[in-house]
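Everything on this sheet refers to the single structure shown next.
First chain written, first letter: the chains are A, B, C and D, and each begins at residue 1.
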Amino acid sequence: MENNLPPRLIDESNTTFRSVSEGSEKWLYRPIQCLDHGFVYLVDYCGDDYSIVQAARVSYGQGTKKVSTDEGLIRYLMRHAHTTPFEMVEFKFHCKMPIFVARQWIRHRMASVNEYSGRYSEMLNEFYLPDRSVLKKQATGNRQGRGDDLSVDDQNFVLGLLKSEYGSQHATYKRFLEIDLAKELARIGLSVANYTQWYWKIDLHNLFHFLRLRLDSHAQHEIQVFGQAIAQIISESVPMAWKAFEDYRLYSVNFSRLELDVLGQNQWPMSEEKASQVILSIVNKREREEFWDKLKNLNFIT
Amino acid sequence: MENNLPPRLIDESNTTFRSVSEGSEKWLYRPIQCLDHGFVYLVDYCGDDYSIVQAARVSYGQGTKKVSTDEGLIRYLMRHAHTTPFEMVEFKFHCKMPIFVARQWIRHRMASVNEYSGRYSEMLNEFYLPDRSVLKKQATGNRQGRGDDLSVDDQNFVLGLLKSEYGSQHATYKRFLEIDLAKELARIGLSVANYTQWYWKIDLHNLFHFLRLRLDSHAQHEIQVFGQAIAQIISESVPMAWKAFEDYRLYSVNFSRLELDVLGQNQWPMSEEKASQVILSIVNKREREEFWDKLKNLNFIT
Amino acid sequence: MENNLPPRLIDESNTTFRSVSEGSEKWLYRPIQCLDHGFVYLVDYCGDDYSIVQAARVSYGQGTKKVSTDEGLIRYLMRHAHTTPFEMVEFKFHCKMPIFVARQWIRHRMASVNEYSGRYSEMLNEFYLPDRSVLKKQATGNRQGRGDDLSVDDQNFVLGLLKSEYGSQHATYKRFLEIDLAKELARIGLSVANYTQWYWKIDLHNLFHFLRLRLDSHAQHEIQVFGQAIAQIISESVPMAWKAFEDYRLYSVNFSRLELDVLGQNQWPMSEEKASQVILSIVNKREREEFWDKLKNLNFIT
Amino acid sequence: MENNLPPRLIDESNTTFRSVSEGSEKWLYRPIQCLDHGFVYLVDYCGDDYSIVQAARVSYGQGTKKVSTDEGLIRYLMRHAHTTPFEMVEFKFHCKMPIFVARQWIRHRMASVNEYSGRYSEMLNEFYLPDRSVLKKQATGNRQGRGDDLSVDDQNFVLGLLKSEYGSQHATYKRFLEIDLAKELARIGLSVANYTQWYWKIDLHNLFHFLRLRLDSHAQHEIQVFGQAIAQIISESVPMAWKAFEDYRLYSVNFSRLELDVLGQNQWPMSEEKASQVILSIVNKREREEFWDKLKNLNFIT
């Protein structure tokens, strides 16, 4: 698998007294392509699974003989939302993405960012053109996402118009620069599909929060792609913490007080017919539908 | 119940164009006693349940016809961790607590604090003396909490020694001040049971996070008392958000990936005997014990 | 002047036990127009000048008899960077601005934001078209700003092209919606001149930081406009704090160690000829030029 | 000088593709003693001077040919408060300090902390006993600091009483543990001079802010000691950024609008007599005194 890794941008090693994560080292300066012109790669990091344990042990001292192994302690911390030790690991990425993705990304405030500036530098002729596979209709149930496929004709129509828009926008931009219009003004007609880039530094606790939201199926597809690239790196950088994150956050399910009441008063699994009766104690239709989906996923409805 | 309210410190009303929360107004400047010398009262606030809805609607615009009511929208936001609208409500409290409580409290970084300063001002002769009902032995299962009762003799022993310590500490402090030792040095022999106070301003999202951790039975009893006082105020200040918080956060239960596997592969409820077999797929003893407790609470083990 | 205020959106008053700022009340729900389609107005607030004093007094207690007046204390706090009491005042605005302005604005992380979402809601046909007076060439000295005027012909050229781009972008967007392309995709060809809007809540300390950077002549003109609108409101909401901010932050000047050395070793004012010799001890040309400008502004060079 | 370094706790090196700071490597795991039982040492780091440049260059791109050298760019960033690139460097320390120092330290919220917990672990019999050289009277001008020396008799009195208090406190604590009182209660009689410890992780921008406040002569002496130890490490870890910090922050002086008016309307230096007249335009006595001190330091008053 190592053979299939993208080429490393920098390949000069140094000696350090710091702890080293094998998985992080593997991914340093190896870009993962995201969308048509974007990428993510690890530029720097600080700490590994052991750093989480080290920080936690300063709190627990002799008090934690029961949680004997490092992995056990990491899982305990994740399970009980003792989140501060996860802040002790830090990652810095170089990322390139469409502006509309950057706008969703930047909402995660607990991170450090240095972005390419269209006031100083010329914006590149790189715009996001979606792959046909993700060109879809507005979802009906989910108000913010995508639903059914577009017809091939409509796909062609969309791609053609987007290409034409992008071409026109960039030509206009170049003409503005030619007459020496201030760069900060020249770029205002460029669309949010135009690519930008930044350095992004974040600790593991906040990165997990980012990933939980951005790996979610309700996140816009284009930012999910970046989330998946980062997840690939992190899963090898801090393998124990990653597994705990999957078990207790990413693939866990939360049941509300109302749902727990229904669960506790019945025998499971039950028939669809019975289930549709039983969940009526949850008055709100939308909450009921979401509960139904959870029960289905649990095989609690036969 | 209104009749039993503590006296209001300030009772002069003004006219405003801002939105007003009836519940918040009720609690403004009405201290709730906490522990022997402490208190919490609401000094100022900004926003109410409707402010959450108002901020969310700027995002969802025409896209949310389905979530028709205000309460439905608030519950939807809480359920799906759309937390930013809850940041639009703000509360400011005046709080007085022992230093050891303040030290746990201050770990919540997303808040504004102005604390009484022992460098400028004289520390008062007020120290926390626990009630007999909370003087307990070290817990055995839980490494950080309290377990069985102390004997009455041991209670007397503890209270006597504490009183004597406090008396001696404060007498020493006063003698230091008499010889004009710098206040910032004179106070270093005072214990963490000495009372301090502060103004504390926090938004509702971060306050819910604080309350979730500090109302938990694993939090130190003394900070739980402050959490409960604040919860009483908040439950009336933003009643819809509070109910959603209870349903989806405070009284919800999270099941891990491993636990979901066990749930989905069996019929519930089941006998203790069978349950103890079935959960063996969870290797870690501590995780297994915690799962057992969840199943018991759900009546899934008979 | 009050007569010229823009119309108030909501004009219904309530009774409250909270402190009230006359200046804030005046500006509640009164939009100030910014650029061609934008605005800012105050939606809610918490605290006034007195709230700063109140919070500071909890720290200083009896220790601050010397700072006898409220205004004196506020000025002392500002002068000595005792910033936490300024966090005790909070403002919430509803703002509408071009996306490229929003992108600069959002970099201020210590604030709460709920933004209009192009995933849920239809983007409006409103794009920023600069006034002729601000259509300028790239600056030469300052790498990021504007310099000389464009010719009228070039102005016409720019405005014509921008209008045409905006028209095309929006027509394309509408055609995408007609074939039911997911809204989150349909909008990616819209430019950063398209207007968005948000609720923005921030405390006074962080707002002062925002204003210091965004009122600066090096900030992009378009965000300065919003900074000025907010400054107008704040200067009446917390008049004492505002004046201290002007005196000690906005219109103060910082001299570096190297500059202080030059100042202390010479007599001032001096001739241009002598000054150009004297500042040679500052090796870096750019630092020297900046020092020169400060000396000029001080009338220290004749 | 390297020969006098304290012994390194860990001395095993690894290979990494990350950038390495020679100065940081030198200080990894080498404790610097602070006060009688405290210390600070560097546990981990991420980035060096070049990381600041690297992040800034992503913004400035081709737009910054004028700032040709790395050091020039770092100085430019510091001078113009372009602070985000400094966030790209991260440091993690293990620190041990008295609780009253920890309580001042923790007010810096933009950092990650894992502290030793008295709920889990036994508090040690280590209390801060001030050196005679810092045992001073309350300052008169400065309301929060230290002034004249204590008499030797008074020093003996203070040290004797403190030792006796500490002894009594710890004996009480041990007796509480013997009767198995919950640790979280047993420790409440221990004073704020008792030592605690933590892992502390912070980025360079926020560390500079910490140092600016805590190296200041108005900070409590005991936290200054920790500030100085950290400054020693940082000055070698990021030598270019450190020098810029000294020149533009630590040893710079800010002149207010009122002070600039006085400066610009007069010839400097001038006599004490004249100066005392000239500064009368500054109405507030305290502001006037502070201005006087600045003028004195500048040799502007003869």
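To be clear about the criterion, contacts are C-beta pairs under 8 Å (C-beta built on N, C-alpha and C of every residue); 3 or more make two chains touch, one makes a residue touch a chain.
Remember, predicted model here, so these are calculated numbers, not experimental data.
Common neighbours of chain C and chain D, listed by label, are A, B. For the interfaces B-D and A-B, the C-beta contact count is higher for B-D. The interface of C-D is repeated, with over half of its contact pairs matching by residue number, by A-B among B-C, A-D or A-B. Comparing the centres of all chains, each the average of its CA atoms, the largest separation from chain C belongs to B. Centroids of chain A and chain D (each the mean of its C-alpha atoms) stand 36 Å apart.
Chain A and chain B have centres, each the mean of its CA atoms, that are 31 Å apart.
Multi-chain contact residues of chain A (touching two or more other chains): 60, 63-64, 84, 107, 113, 117, 119-120, 143-144, 183.
Residues 8, 10-20, 25, 28-29, 43-47, 51, 54-56, 58-64, 84-85, 87-88, 90, 92, 94, 112-117, 119-122, 183, 197-199, 201, 203 of chain B are the ones that touch chain C when the two sit in their complex. Partner chain A is touched in their complex by these residues of chain B: 60, 63-64, 66-67, 72, 75-76, 79-81, 84, 107, 143-144, 213, 218, 246-248, 251-258, 260, 263-265, 267-269, 284, 286-287, 290, 297-300. Residue ranges of chain B in contact with chain D, taken from their complex: 98-100, 103, 106-107, 109-110, 113, 117-120, 128, 130, 134-139, 143-147, 150, 154, 157-158, 161-162, 165-166, 168-169, 172, 175-176, 179-185, 187-193, 220.
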